[in-house]
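Down below are the structures I want you to see.
Two complexes, one shared chain (chain A), two partners (chain B, chain C).
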Partner chain A sequence: MKRATRRDILKYGAATGLATGLTGLPGLSRAQEKLKVGTVFVSPLSEIGWTKQHSLGVEAIKNEMGDAVEITTIDNIYLPQDAERVFRELASTGHQLIFGTSFSHGTPMQKVAPRFPEVAFEHCSGIKHLNNLGTFEAKYYEGTYVAGITAGHVTKTGKIGFVGGFPIPDIVGPGNALLLGAQSVNPDITCNVIFLNSWFDPGKEKEAVKTLVAQGCDVICSMTDTPTGVQVAGENDAWSIGYASDMSQFGNGKHLTAFTLNWAPVYVDAAKRVAAGTWETSERWLGLKDDVVKLSPYNPDLPAEVVAAADQAQADISAGTLHPYAGELKDQSGAVRAEAGSRLSDGDIRGMNWFVQGMIGNLG
Partner chain B sequence: MLFKIEPRAEPSRQMAIAAPLIATAMTLVVSTIFFVSLGLNPFVTLYTFFVQPLTTMNGVSEWLLKASPLILIACGLSIGFRANVWNIGAEGQLIMGAILATGVGLFSPWQESALLLPLMVVAGMAGGAAWAAIPAFLRARMNTNEILVTLMLSYVAALILSYLVHGPWRDPAGFNFPQTALLPYSGTFEVFDYSYRLNTSIFFTVVAVFLTWLFTNRSFMGYKMAVGGVAPAAARFAGFKSSVSVWLGLLVSGAAAGLAGMMEVAGPLGQLSSQISPGYGFAAIIVAFIGRLNAFGIVLGGLLLSLLYLGGETVQLNMGLPSSVALIFQGLLLFFLLASNFLVNFRIRRLVTRTH
Partner chain C sequence: MDLFVSMFAATIIAATPLIFAALGELVVEKSGVLNLGIEGMMLIGAAFGIWVHFAGFPMILAVGAAVVGGALASLMFGVLALTFMTNQYAAGLALAIFGAGVSAFIGRGFGTTPVEAIQPLHIPGLSDIPILGEMFFQFDPLVYLSFVLFAAVSWFLYRTKAGLALRAIGESPDSAHAIGYQVIRIRYLAVMFGGAMAGLGGAYLSLVYTPLWVENMTAGRGWIALALVVFAAWRPRRVIFGAWLFGGMTILQLQGQAIGLTVPTEVLSALPYVATIVVLVLISRNREAMALDFPTSLAQPFRPKG
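== the complex of A and B ==
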């Protein structure tokens, strides 16, 4: 292999690129026996959190299918203009199944997918489908509702704090359900909300949590891609609720529970279908019942009756006898959004852009 | 042993040539140690970083697509920097340009017209220039520090963008997500080939490079601004007004950044979302200094930085390295390059201390 220096590249880079471009892509002509799977992560891959849970899904494919698959991953791809390039690159280098793992990958995937009709695209937290672009999403609100019940029991100030990455329905909805869970214990509980406008900004998140604690919140739930919320809550002697992964190791003994995401069934299923040639685009929305949303082990300091109440709610939600968004549901202004005896429709849940009564804060 | 850093009377010609070589050598040595300590083959890694991204047509297209805004913004910045006008807020001017251009693209009555794109170009440049006019006014009239004002206004611009995409400009059919509707077809740049993303907006960058060269090397105004930067007292004595430099430096760099923002929206993005720039406005400052504020040097600097981005992705995709390793390597290279450039204008002399 030729040893290349930077100056060489600057001089000959363009020429080489043009020349090899014309001779075609090396590697594509090779017959494919293995299933090539590409995965794009939105944040830096770390030990814990949203991106880690997706990487566990990818590992599950590897464990299940072994040498029959070859896996490529890339992390820290957030902006649409970068994401589109990476999806193109994966699709044009023989990957037959490509996962996008963030809402912000949506527009780039919608642009790339039609150009590669033989490639299967799977988009987590996406909404728009195409013939070769499927979507999957978790019912986070089922997890936050159950976690909210534990929060409702432990709070002394009657105030919980919620930190969200972006004010999108996938975050606003679970924030609402967290409070609704807590209010099922005590209807007077309120919830202060701060949005970071970033999935990964530990500095800003730390300030947000400190602000919430200063406002009197003694339970903190943070829906971002870091364990910062749990950590800072623990440092300030506040209870915390983890998101995506079990974050008890960061909680200073104050981690109540976490609503964790187990994507393994989704990843393995998609890979097997592509390998068997039976993959079709579909929309999946999975929750406690499907084992995609789970509650991590409860804090040992929680009284047995609180754990029992949370477990009961979990069982009832799985069985369909309890719905977190059951009426009567009022918004911040007091207007009724769901009548007593009914519940919000699925469409209303997926597009939720309003806060329930008791939420303190703005969308934006 | 003591050392002293002292300015050279004149920039060293030998150093001007030697600096990039020193930087390359240092990068190769340190990165080899770095890669070997991670258990990687340094030759394969460097090849994957610098050559692999450019071995396909798509790679070359992406390389130029990413370099184009960096070069355009850096060209604008260099005009102010030469006159000691420090516009650190190109990121904000880029955002304002993108906002104004998108506003015209989405809400003007000429949705189908061939004039839509030219109007968006004008709007983009006007948006960037207007945002830069605020610090220009404050500096020229009240002697406010433009470094602080331009930087702070970047955050203001980012918040305005966030407000628009979360609020009034949010796509009504977009399931409530923070982005605008897609721009109409007549409001986007044509791509050269439908398999690739490189589009015709790159001609603006080519023109900007030549204009920058003409202005800085062949115009009297460029000369006056450079004198004002190097020797403000001499410039005043010669009757050159410093406020002209301030206005020109900021308005030109603002317009260039605004145009770059417009090119991103009307090119690879197609819509506004809550974050539209991967830090082009800040990276362009590095590009301007790698290029030593010279138009053609900036082209090389922009191509290098763009390649660093692509190489960082390629080592992730092909070798499974985490993004942080790529970032450390990029940091190493830029550090050595900028540090050795310092030796062009300064020298390090050993002080002889006498001991009795």
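== the complex of A and C ==
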């Protein structure tokens, strides 16, 4: 009888890794006149959600530059240890521009980039940039603020619900802005918060949304990567707000809007610059103004004045006359975090680990 | 009271996919085979169900297809583990990975369309009783099927001759072989039953519980089912109890978060796992009783001698 030993597992693991690496990279050696772009996606290529929005960015490069580019896509790479190998292979097979699309790709990209100084690396949701590693990120909070305005208008109970993956600034901040948007309509509105502590678990997400509805929340915003939140809200006759992609087909007619992510401008810009030889590392934080954060078409049942208010807020945020985190801003304990007339600094926004007044939940 | 009633009903529903998958695995393990591929079989069942549903067939056929899909997937494991006597751990893990890939392949293009879920039954009279009606008589048909299957599995294992033979094979395949039982054939049947049940659990997720297709939508429930079987010490009743406990604690912790309990969410999220393990270990702490329930030949390949 043969037993699997640790060594076997390591051996087979390495073999499968090698096999996927090879199949993932067709056309290893080609003439270099074409711009070769590599993208690494965190989840399987699906039809809706985070990775879908990134794949639309890649498609935009294709549409814009046609035969002048050759694109390699590798999906379902989440773990940093897998990602490092994939980034190294992409870089050493002539790709001149490589995108990483998850926070978890950060450490491997920071390791690989210095060894390939002639290759341009772009990291979405990254926090650290190097000479040849640029970062870009969306101002989700601008989208949730506008969505929150519509929520503030439709809520009857004065309670909205927010479901997030993990209690990290990228989720906590948009949750806060959602409530601030709603409170701009009615300052008494509160927001119950549940964290799944998982990026992905439709079953748990369903229970979370049902729990929020049971607590009396009649607008639900689920900032996870599935349409489950929108669907369950619709089943329970609650309004919903989608994230990343338009999810109206799941909402049972109750999908208010979605704050969607349009990475196409970032992808196309980087590809053009690399092709022209003018690419330089930079740190971009893009929102409504840049067309990176967008609101999907509003629910047709929304009254015209609500749509007008939301559109006005979009215009004001783009113009810089309205800021979601403008003072006076108080936290859960009532302490003032931003004085009237000022706003939170960018650093404070990106590191937000506290709830604004009216949020009902706990950050530990 | 309303809150309690709705949490009670939600617990039963949340536990149903776990109960299907875990009951199936229990029978597999009782026959002395360890199939770690539940997650993969559930995913294949979920994808098959949606596939047939979107092709325009009635729900009952969609559920049937999920059962067949799970059983076919387990058959592949069976051929590897029983006929070719490969290492069962490795074959099961391979099935888990394979199932994730195949289901993603089948599910291409399904992700943008919601599914018309199987609706709860309305039993005239019973469903309308206040409180009790909502607690017991307003579930979808598959929930009741899970109760029926629990009773059937318990009865089969402990009250029938075939069940005794199955358990004997799990204890000592050589002795069972010596007195004339077809060890490999019975193990094949057990493995396929396990696959069919996992497929049913997957269908429950994709057609009833979260009626949509997303890749990897089981999100680890196959592994939880596997753990339930072990911590329940291979007793059907404890499997059900463990599944309810796990589902109930999950819902309770979400409730705790929503009302703003001042406990870190990470701690609350870990609660269902910790509570289920602690409770099941406590009730299974009698070592001698444990030894009686443990299928001694678990995960050991059987080669008929002579």
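Everything that follows uses one rule, which is that the second predicted complex is superposed on the first by the 332 of 364 C-alpha atoms of A that agree within 3 Å, B and C clash if a C-alpha of one lies under 4 Å from a C-alpha of the other, contacts with A are read in each partner's own complex, and residues count from 1 in each chain.
The definition used in the following text is that a residue touches a chain if its C-beta (ideal position, glycine included) is under 8 Å from a C-beta of that chain, and two chains touch if they have at least 3 such contacts.
As the structure is a computational prediction, the values presented were derived from the model and not from experiment.
Shared-chain residue A:85: touches chain B; no touch with chain C. In the superposed pair of complexes, A:197 makes contact with chain B and with chain C alike. Of the two partner chains, chain C is the only one that A:226 touches; chain B does not reach it. Legend: residue contacts after superposition of the two complexes on their common chain; A:353 is shown touching chain B, with no touch to chain C.
Of the two partner chains placed around the shared chain by superposition, chain C is the only one that A:212 touches, whereas chain B remains out of contact.
Of the two partner chains placed around the shared chain by superposition, chain C is the only one that A:361 touches, whereas chain B remains out of contact. Judged by the number of chain A residues each one touches, B leads among chain B and chain C. In the superposition on chain A, contact of A:249 is made with chain C only, not with chain B.
In the superposed model, A:340 lies in contact with neither chain B nor chain C.
In the superposed model, A:47 lies in contact with chain C only, and not with chain B. On chain A, the surface touched by chain B in one complex and the surface touched by chain C in the other have residues 1-4, 44, 167, 197, 363-364 in common. The part of chain B that touches chain A in the complex is made up of residues 20-21, 24, 27-28, 43-44, 46-47, 50-51, 54-60, 62-63, 162-163, 166-167, 175-179, 195, 197, 264, 268-271, 273-278, 300, 303-304, 307, 309, 313, 316-317, 320, 322-324, 333.
Interface of chain C with chain A (complex): residues 3, 6, 10, 14, 17, 87, 89-90, 104, 109-114, 205, 209-212, 214-217, 219-221, 250-251, 254-255, 257-267, 269, 300-301.
Partner chain B is touched in their complex by these residues of chain A: 1-7, 9-10, 13-14, 16-18, 20-22, 25-26, 44-45, 72-82, 84-86, 88-90, 92-93, 103-104, 106-107, 111, 115, 127, 166-169, 197, 350-353, 363-364. Only residues 1-4, 8, 12, 43-44, 46-48, 161, 167, 192-198, 200-208, 210-212, 214-215, 226-228, 231-232, 249-250, 360-364 of chain A touch chain C when the two sit together in their complex.
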